[in-house]
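In C-alpha cells below, several structures.
Two complexes follow with subunit A in common, the first pairing it with subunit B and the second with subunit C.
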Partner chain A sequence: MEESFGDLKGCQKTYQKTALSQYFAPQKIEEALEILSKYGEEIKIIAGGTDLLVQYYDRLYEINNWLDLKNIIELKKIRISKNQMEIGATVTHSQLENSEDIKKYFPILSQAAADIGSPQIRNRGTVGGNIVNASPAGDLLPPLMAYDAQFKLLSVQKEELIPAEEFFVGPKQTIIKPDQLLTQVILPLPYEKTYDSWIKIGKRRALAIATITLALVVKMAEDNKTIKEARACLGSVAPTPIQIKEIRERMIGKNFNQLDFNQLGQMVEDKISPIDDIRGTREYRKDVAKEIMINALEEVYSSWWRSYK
Partner chain B sequence: MKFSEVNKPVKRVDAYEKVTGKAKFGADLFFPNMLYGKALHSKYPHAQIIKINTEKALTYPGVKAIITAEDIPNNKFGVIIQNQQVLAQEEVLYIGDGIAVVAAETKEAASEAIKLIEVEYKELPGIFDPEEAAKKDAPLIHSELEDNQVVHHRVRKGDVEKAFTQAEVILEREYTTQFVEHSYIEPEAIIAVPYEHNSLVTIYGSIQNPFSCRNAVANVLKVPLNKVRIIQNHMGGSFGGKDEVISSMAARAAVLALKTNQPVKMVNTREESILESYKRHPYKMKYKVGATKEGKLVAMEIKCIADSGAYACQTPFVTWRSVVQATGPYELPSVKTDTYGYYTNNIYTGAMRGYGSPQIVFAQESLMDELADELKMTPLELRLKNIYHNNSITASGQKLDNHQVSLEEVIAKAVKASNYIEKYIEYNKSQLGDKKRGIGMAVSFRGCSLGAEATDAAGAIVAIQRDGSILISSGLAENGEGLKTVFSQIAAEELGVDIKRINYMEVDTSVSPESGATVASRSTLLGGNAVKNAAQQIKRTITEMIADKFKVKSGDLVLRNENIYNKNNNQKIMSFDDAVDLANKLGVFLSAYGWYKAPDISWDEETGQGRPYFTYVYGCQIAEVEVDTATGQIEVLKMVAAHDVGRAINPVTLKGQIYGGIMMALGYGIMEEVEIASGYIKNTNFDEYLIPTIKDMPEIIPIIVENPDPHGPYGAKSIGEPTLELGAPAIANAVAQATGRRIRHLPLNLERVLLGHSLSKGGTKNDIL
Partner chain C sequence: MTKLIIELTINGKKKKVETTPSTRLLDLIRDDLHLTGTKEGCGKGECGACTVIMNGELVASCLVLAPQADGAVITTIEGVGDDKGLDPVQEAFIESGAIQCGFCTPGMILAAKKMLEENLHPTEEEIKRGISGNLCRCTGYQKIFDAIRLAADRLSSRDGGRGEEDA
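Take a look at the complex of A and B:
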C-alpha cells in the first residue's frame, strides 16, 4: 500500500523538505481516512490531477505527501440506492457524460460534464475534484446545486452530509477539513416530472472556462401544471456557484402561463454581482445572465409543453 | 501541360519522421557539457536601469556565467533598422526586454539564479498608444531619434480632394485591429555550440530564417558571416514569428557559449514566449471613400497607424505592404494613402502571416459592405462593379498586364459553391429567435514575394550522388508548410525521376546559398524556381553528355519515368541510373547551384507609384455564420475559399494552407487578443489567450483556381498568407448581416457582438479560478 518515491524531482533546490516524501495509493476508503488523519494538512489528495497539477505546475516539489485515490474502486461507482443516486467522488466527467442513469435522471449534469474541457480532461477529471476545487466556474457545480445535491464527507471520526449550497464559501474555498475525504455526491431521485436546462457561455466551443453558466431545474406537481420546485443556479457570477432564491419563490405554486420570463430574467440579472475578469466583464455577464435565464425558461417550458400535450 | 510529380498530392517528404516522433526539434537536442540559459525580463514596460547586481546569482550552485548588455560586443541588431537591444542597456523599453541571461548546469539552477539578480530600476512613464507617440511633444522612446515615427509610406494617385467633390456618396469609417500572438505550438528554442567544426559558433534551433539569424549573430559578435553557422531544425510552427525573437535568443546564447566555452541551450516557456516575442501590429485605420450613385468608386483616402512597440523590427516593410494594398483590388482614379508606424512602450510588433494585410483587408472589405449598404446594393454587386480585371491600373499606377487577373473568376467560384446569392436573400429577411444567420464575403489582391521591400532572389543546390540518389539543399527554410516536399517534387519533375531518390537537407548557412527568408509567401515561387534552375542545369549536363556519346541532338532528349528518351521516336536511350554511372565514369559533374532572381520592380517612395510587385494573387472567401444575439456567441458554419495560386504544385499541402489560414483568421477574427494594459501583458498562456480548437472549426470548402503565372515554377505563385487575410472580414460582414450591426474592431468577441464594445478588463485568472 505504501510506496515511497523518495525526494521528488527538483525539490531540493528551493524547498527544504521536512521529511521524506510519501506517496500513498490505498485501495480502501478506510485506509485513505487513516492516512488523512495522520497527515492532515501535510498531504495532498489527488484524484484526476487536472486542477492540482496545473496549480502546482513548476512547484510540484512543494507537495510533500500524496494521497492518490486512483485505486479506490468504491469511489468510481455510480449507483442508485433507494431514492437516491450515489456518485462516487472519482467518477470522471466522461462517466457522467455517458452514464445512462445520469442522462435519464439528471440530464443537465451529463450535459455539463460533456461541456468540460476536452476529451482528455473529461477522461481524467473527476466530480470530486471539480467540487473540492470549488472554482466559481466549475461546470458541474450549478447543476449539482440545482439538483439539490449533498456531499458526503468522511473522516476517521465522523460522517457528514453537507448540502451543496453550504459547501462553498469562496473562490476555491470550501468547508472541507484536511482530514476529510469527499466520498460521494448524493442526489435525490426525481419522482416528479422534471424539466431542466443547462447553458454554458464560454469564449470558444471547447476547452473554455465558463464566462457564465446557468442550470435551471423545474419540478412539476402531480397535475403537471403547477410548479412544485424551481432552482436556478449560476456559475462564474459570484465567488461561489449560487442559487437565485428569489426565482424559486417567484415560481413555486405557479403555472408556466403565469410567469413573465422577461421579469424572471431581469431578476437574475439584478441578483448577481459578477466581477470583471479575463473571461468576461461584469456588464457582459449581467446582460447575458438575463438572456440565458429567458432561454432556459423557454427551453424548460417547451419540453414541458411537449410532454403536456 | 502534363506533369509526373508536380500538380499532384504527393505525400509530405517529412511525414514519416514527424508522425513517428523521430523528427528532432530544437528542444530535443543535447550536447555534452551543455548549459541551460535563461533570461531575466524587465519588471516594467519602461524604466531606467540604475544598477544590476549579479553577485548573489553568480554564487548559486551550478551557475557558470551571467551576461548583461555590457558583455554583448554589439548590442543592437535588426533586419531593417538596427535598434533592437540584445539586452537592455540603459533603459528597458518594453515588458519583455531582457536584462541579463544566466547559464547554469541545470534549468533549475538557471531559474533560481535569475531570481537572485538584483536590478534597481527607475520607473519611467510610458507611451502605450501610437497616436500619443505621434504627438509633437511626446517623450522620445529612442532618445537618439528626432521623433517616435518609425516610418511613413505614401501612395498618391490623382487628385483626391477634387474627386471627393464629385462623389455622390461619401463614407468615412474607422476600424481597429488588435495585438495577435502567433501561437506556434513549439516555443522558441536555441542551442549555441562554440567551436564546433570550423565555426566560431554553431546555432541550432527553431529558426524561421537561418540567414537573418546568422546576420544578427555575426553582427552582434562582430565577426564575419563565415564564422557563424546556423543549422535549422524541424519547426513546430512559426507564422512569421521566429525571426527577431530567435535572433536575439541566438545572440544571447552565442555570447554565453563563447564566454563559458560550453554549449548553451535556451528554451522558452510559453509565458516567456508570449511575454518576449513580437506580435502582429494593431492598426488604427481611417477610411474615406467616395462613389457615384451607381456604385462606381471615385476616390479613397486612407490613414493607417501601426503600433510598432519598442522596436522598429519589421514595421517599415509591414506598413509598406499595407500602403500598396490598402484600397483593396478596386479600380480607383484617385487615391491618397498614408501608413505610419510609431514606437511605443508596448511589446514590439513584427512579421506575422499576412504582414500588414489582415488589418487593411479587414478595414477595406468591411468598408465595401458598408458602402454597399449605403448605396442599397448587394456587397457582390458593388464589388463586381469595381474589381480589377486584366489591364486594370492599381493605386500605385501599376498596369496588371503580365498575368491573369482572376478576381471575377475566384468570386464567381466562391459565390457558386456557397450559394451566396440565395443565402444572402434569405438571411436578409427578418429572422425569428435569438439565433440569426448571415453570409459575408471578402476579396483581396496580394503582391507575391517581397516586392520593393528588398532584393528578391533565392538559390538551391541539387546534387546527384554516385548511386543516383539526390540531395537538395535550399537556402529557404521549411517552416512546416511543406516546402521540402514541394521543392523535392519540382526537382523530381525536372529530372524525370521518382521523388524517393531525393533527400532534402536542412538549411545549413555554411552550405546552402543565401536566399533571404521564408516570408511573404515567396518560397514556392522563388525557391521553387531556384530548384528548377539547378535541376535544369543538371538535365542539360546529362542530355549533352548523352548527345555527345550517342550522336543525337541534346534537344531531342527527355528525362521521364527514370529514363532518358529520344522524344522523336519515344525510344529509351538509357536509364537515369545508367546516365549517372556514365557521368561517374566520364568525370561529368552532376551537381548544380540554381539561382532565381525575381523580375525587376520599382517604387517611388514619395508618390507610391511604380511596380511594387511583379505579380499578384487573388482570392475570395465567403463566411456563413450564426450569431446568438442573446449571448454574442458566433458560430462560423461554413467557409468557402477560392484562391488563384497560379499552379498548385501540391494540392494537398495547398489545401492544408487554406484550412490553417482560415483557422487562424477565425482566431483573430472572433476571439484572439493579446490584452495589454499600460504595457503589461495580461494573458501569457493559452488558458487565457484563446485560440480556436477543432470544435470551433467550420466546414471549409477550398477551391483551387489555376491560372499559371509566367514567372512562377510551372506557373505557381503564393498561398500561405492570402488564405489568412480574408476570413476575419468575411466573418465580420456575415455577422453584420446577421445582427444588423457593424463591428469595426477585431476581434468580434462575445462582448463586442452583444454590447457593441469591449471593456477593459481587470483582474487575473486567480480572481476566479
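Take a look at the complex of A and C:
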C-alpha cells in the first residue's frame, strides 16, 4: 500500500470506472488530504467499515478507490486541550465506551457508544464514521448534538469547524465535500454542574438500529438551582438527528420544580416528524418520544436532587 | 483487478498474501489461507460466525477489507489450543454440550475466550453482553452460557484464585 501511494502522480488522468483500483493507507493527515483533493468523488474514505462495507456489499454503490485511515495515529486519540475535548475521527465506539475522560465529562456519549451493535462492531466502528454516515438513527449523533459538538473538516485549502446541528442535511446527507476529511470532534468541557440522560429504544439490546433515541443534557447555573442550558436531541424521528429547540427555550432560567414534565414530553411529541418503517410506526414513535422525554427528565431531576441535597 | 501484497501474522505464523483492495478478510482467511473454521453467516456483521481476533480485538472478518489487515496479528479458531490439547474454553463447550450444528461455535469460542481474558468472573449479564455479537440459530444459548461459566470457574481456579478477591 505504501507502493501504491507512490503511484499517485498522474493517476487522475488514467482513472476510469473499470480501471485499476487504488488502495491508499497514508500515515499523515496531509497525505490523506492530498489524495482527496486529487480523487474527490472517485475515492471512498474507509475507517471501521461497519456501515460502509455493508452498503458496499449490497451494491448500493461501486467503490474503486479506497482511502484507509487506519495508519493515521493522530486520528485515534482522545485528548483534553485547554477547555475542550478533542476526539479523533477514528476513535472507536469501544474507546468511547471505556475512556475515563469521556465517562467523566460526557457520560451519555460513552453510554450511547456502549449501546451500539456488538463487541465486534464497537471494536471497529468509529465516531467519525457514525457522523459522516449520517444515518438518522446514528446512535452517537444525538449525544454529540446535545453536548454541542463541533466537527473539524480539513481540506488542502482550509480548515472548517462546523456545529453538529449544521452538519446534517438529510438521511445520509451532510455538508461535507468530497475533498474534505473529518479529523476531529470537538466538545466544550462542561464547567457547570451537568446532568444528562440517554435512552435508546430498539427491538433488542444488541445489534439494534434505533427505533428512537433521546439525549438530554441539562446544565445548571452556579446556584445549582436554575437551569442554565438544556438540550434535548433525538434520533430516528426526523430525516436527521434533531434538537428540539422549544425544550431549551422552555427550560432555561427555570428551576426543576417550575417544570411540567408531562408538558415537555408533549412538546417533544408535537415537534417530531417520524416516519413509518420496519422498526416502528409514526404513531408509536410519537407516543414513545413523549414517554422517554418524561423518563429522561425524571432521571436528570433525580440525579440533580441527589447532588443538591 | 489491482493486486497487492499484504503481510499478516495468523495464528502465530507470518504470511504474505496476494490479494485485491476489495477482498474481505473473511475470504482471504478461508480461500487464500484455507482456514475454513471461520464461517460466513450473514456477511453484514450481525451474526458473528466470521469472528476472529485481530490485534487483540474481537472483529467480524466480513467487515474488514484484506488490506485493512495488513500488518495485523490475527487469531482464528485454528489458533486456539495447541498440539498438547484444546483450550479450556473449547473443553468446556464440549463438556457442556454447547454445540449443536456447530456453525456459530468458532465465533462463540473466540468471543468467550476474549471476554474471559478481560474478565475471569463474568456475571450472567456480562456473559450475555460478551457474546451479544454472536447468534446461535439452533438457539442453544443456555448451554453456551453454562460452558462459559464452567470455563470461567476453571480458569479462575487455575489462576490460583487471584481474581477471587474482586469477585
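Operating definition for what follows: the second predicted complex is superposed on the first by the 287 of 309 C-alpha atoms of A that agree within 3 Å, B and C clash if a C-alpha of one lies under 4 Å from a C-alpha of the other, contacts with A are read in each partner's own complex, and residues count from 1 in each chain.
Just so it is clear, a contact is a pair of C-beta atoms (placed from the backbone, for glycine too) under 8 Å apart; a residue touches a chain by one contact, two chains touch by 3 or more.
Predicted model only: the values in this text are computed from it and were never measured.
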Per the contact definition in the header, classify A:Ile46: touching subunit B only (first), subunit C only (second), both, or neither. second
Can A:Arg306 be said to touch subunit B (first), subunit C (second), both, or neither? neither
What is the contact status of A:Ile63 with respect to subunit B (first) and subunit C (second): first, second, both, or neither? second
Would you check which partner chain A:Lys82 touches, where first means subunit B only, second means subunit C only, and both and neither mean what they say? neither
Which superposed partner A:Lys158 touches (first subunit B, second subunit C, both, neither): neither
Of the two partner chains, subunit B (first) and subunit C (second), which one does A:Ser118 touch, if any: first, second, both, or neither? both
For A:Asp276 in the superposed arrangement: first (subunit B), second (subunit C), both or neither? first
Output check: A:Leu207 vs subunit B and subunit C. Expected answer is one of first, second, both, neither. What do you get? both
Please identify the positions on subunit A that touch both subunit B and subunit C, taking each partner from its own complex. 118, 205-207
Where on subunit A does subunit B make contact in their complex? 10, 13-14, 118, 135-137, 171-172, 201, 203-209, 211, 236, 275-281, 283-284, 287-288, 291-292, 294-295
Subunit A residues within the subunit C interface of the complex: 1, 3-4, 20-23, 25, 46, 48-50, 53-54, 56-57, 63, 66, 68, 70, 94, 117-121, 123-124, 205-207
Considering only the defined contacts, which subunit B positions touch subunit A in the complex? 108-109, 112, 434, 630-633, 635, 671, 675, 682-683, 687-688, 690, 692-696, 749-751, 754-755, 758-759, 761-765, 767-769
Complex contact set, residues of subunit C against subunit A: 1-2, 4, 6, 20-22, 24, 43-46, 48, 51, 57-60, 62-65, 67-68, 70, 111, 114-115, 129-130, 132-134
